[in-house]
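Scroll down for the structure; my scribbles are underneath it.
Letters A, B, C and D name the chains as they come in the text, with residue numbers starting at 1 for each one.
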């Protein structure tokens, strides 16, 4: 059995992901089946209408789901997920909060909500659920 | 009612997406309910184990689904999608092929497969389906 | 624009569904974006290992999602949903609670949890999310 | 390792499912990652508008996915699935064809299409994908 990991270990994993460094995502919290991943928004993250590109939101949801599930076991792989866009996203930053809904020994179902922060306004922009697999279970 | 668009119009849309320019994605084909989106792989697209980050694969699937559905109407918004990772992805480039499975006036269901090309080897790495909405239907 | 419906109107819709009568589902609550659908379990609802058949759980989730979303508008059609089985289900009855997560004019994203009641024990057995469409929006 | 099963073994499993007997589903084919499940339509399978109830279509998709995936290993459990309704379903019978898209040792991703047969007319009414787990992998 693996021990789970907490915020410091999770931040080392995130720092070891070149794509997360490219985007500049930061973990505000991670542990015991929860994760909060924050992304400051830049011009380069937009699509053709001036909103955040779906690929940026997808990256954030996918990664937050993986850290939430992986925090149970010390490591995690996302097997699949379903993502719903609620509204166009804009603002200064995105905050993705994910948590485990149900966990077995090998798989956890997690959910994630992404909120866009624009000044004082917080707008939910994505809801996602996904299956995270424990790579250490045999 | 919008007329659909073809490869040249789709490439203009892609070029107007700052996030797609950041990653360097290119449309090899687009029109009549199909799209092929190609991404040359770079070190910055990886995760901590040396494989392509799930966020990169998600970007590619989301965008290919949108272009396939949007090609029917001249514009498209992805409302939701479900993505399954089949294997870890590595190689020189990713090729995402998406096509419409079923289309109504307002919504289209599309599917997408991503293949990783590593020299002569082609490996399916992602399968996804998603709902694309026609923003011009009223 | 349709007005939403409440419990009595929803029960009339349920009573007008031959398949719901065949299974014997009952609405314990419905209105304002929420629905609670209850099903007493019978031998005929099982699969080969003595647990509730996935098709029974799917029926219940699908219908609860539709009533939750439909309660906003007076009618609703399920466009798509994603369902996760959490554990094998057994007991005296199933209780499906669904609620709207996000609603626009034409579509609502709803979630549903099904709990199996076996004596005093309540076990979550299904988590689902789905898109409900307003058939009256034009 | 389990050996897969073929049509005769699959029919014994189906016959051992009380809920499948209640509905009267029949396996027309099963083996090597494929399954075809057929359901003759009755008045009791409808919803309030005279079309087939979504719960009946969901049962059929769920079960066809399970048999397709399970045919690889001799047994299978559906972990999760995503289902899209394409059109209202009516006619004499429903035919659900499912097949494995990708299989590992422990999990298979399968897809399913349901066609409604109304006289000479065949109409696709459902598209679904789902994850089938091998209960014998340890």
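FYI, contacts are C-beta pairs under 8 Å (C-beta built on N, C-alpha and C of every residue); 3 or more make two chains touch, one makes a residue touch a chain.
All values derive from a computational prediction rather than experimental measurement.
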Comparing A-C with B-C, the one with more C-beta contacts is A-C
At the largest C-alpha centroid distance from subunit D we find chain A
Subunit B and subunit C have mean C-alpha positions lying a whole-number Å distance apart equal to 33
Rounded to the nearest Å, the gap separating the Cα centres of subunit A and subunit C is 29
The positions of subunit A in contact with two or more other chains are 79-80, 82, 84, 109, 131
Subunit A residues touching subunit B in their complex are 13, 16-23, 43-48, 53-56, 58-60, 62-63, 66, 77-85
Per the touch rule above, subunit C residues touching subunit B in the complex are 79-80, 82, 107, 109, 131, 138
In their shared complex, subunit A is touched by residues of subunit C numbered 82, 84, 86, 101-102, 109, 124, 127, 129, 131
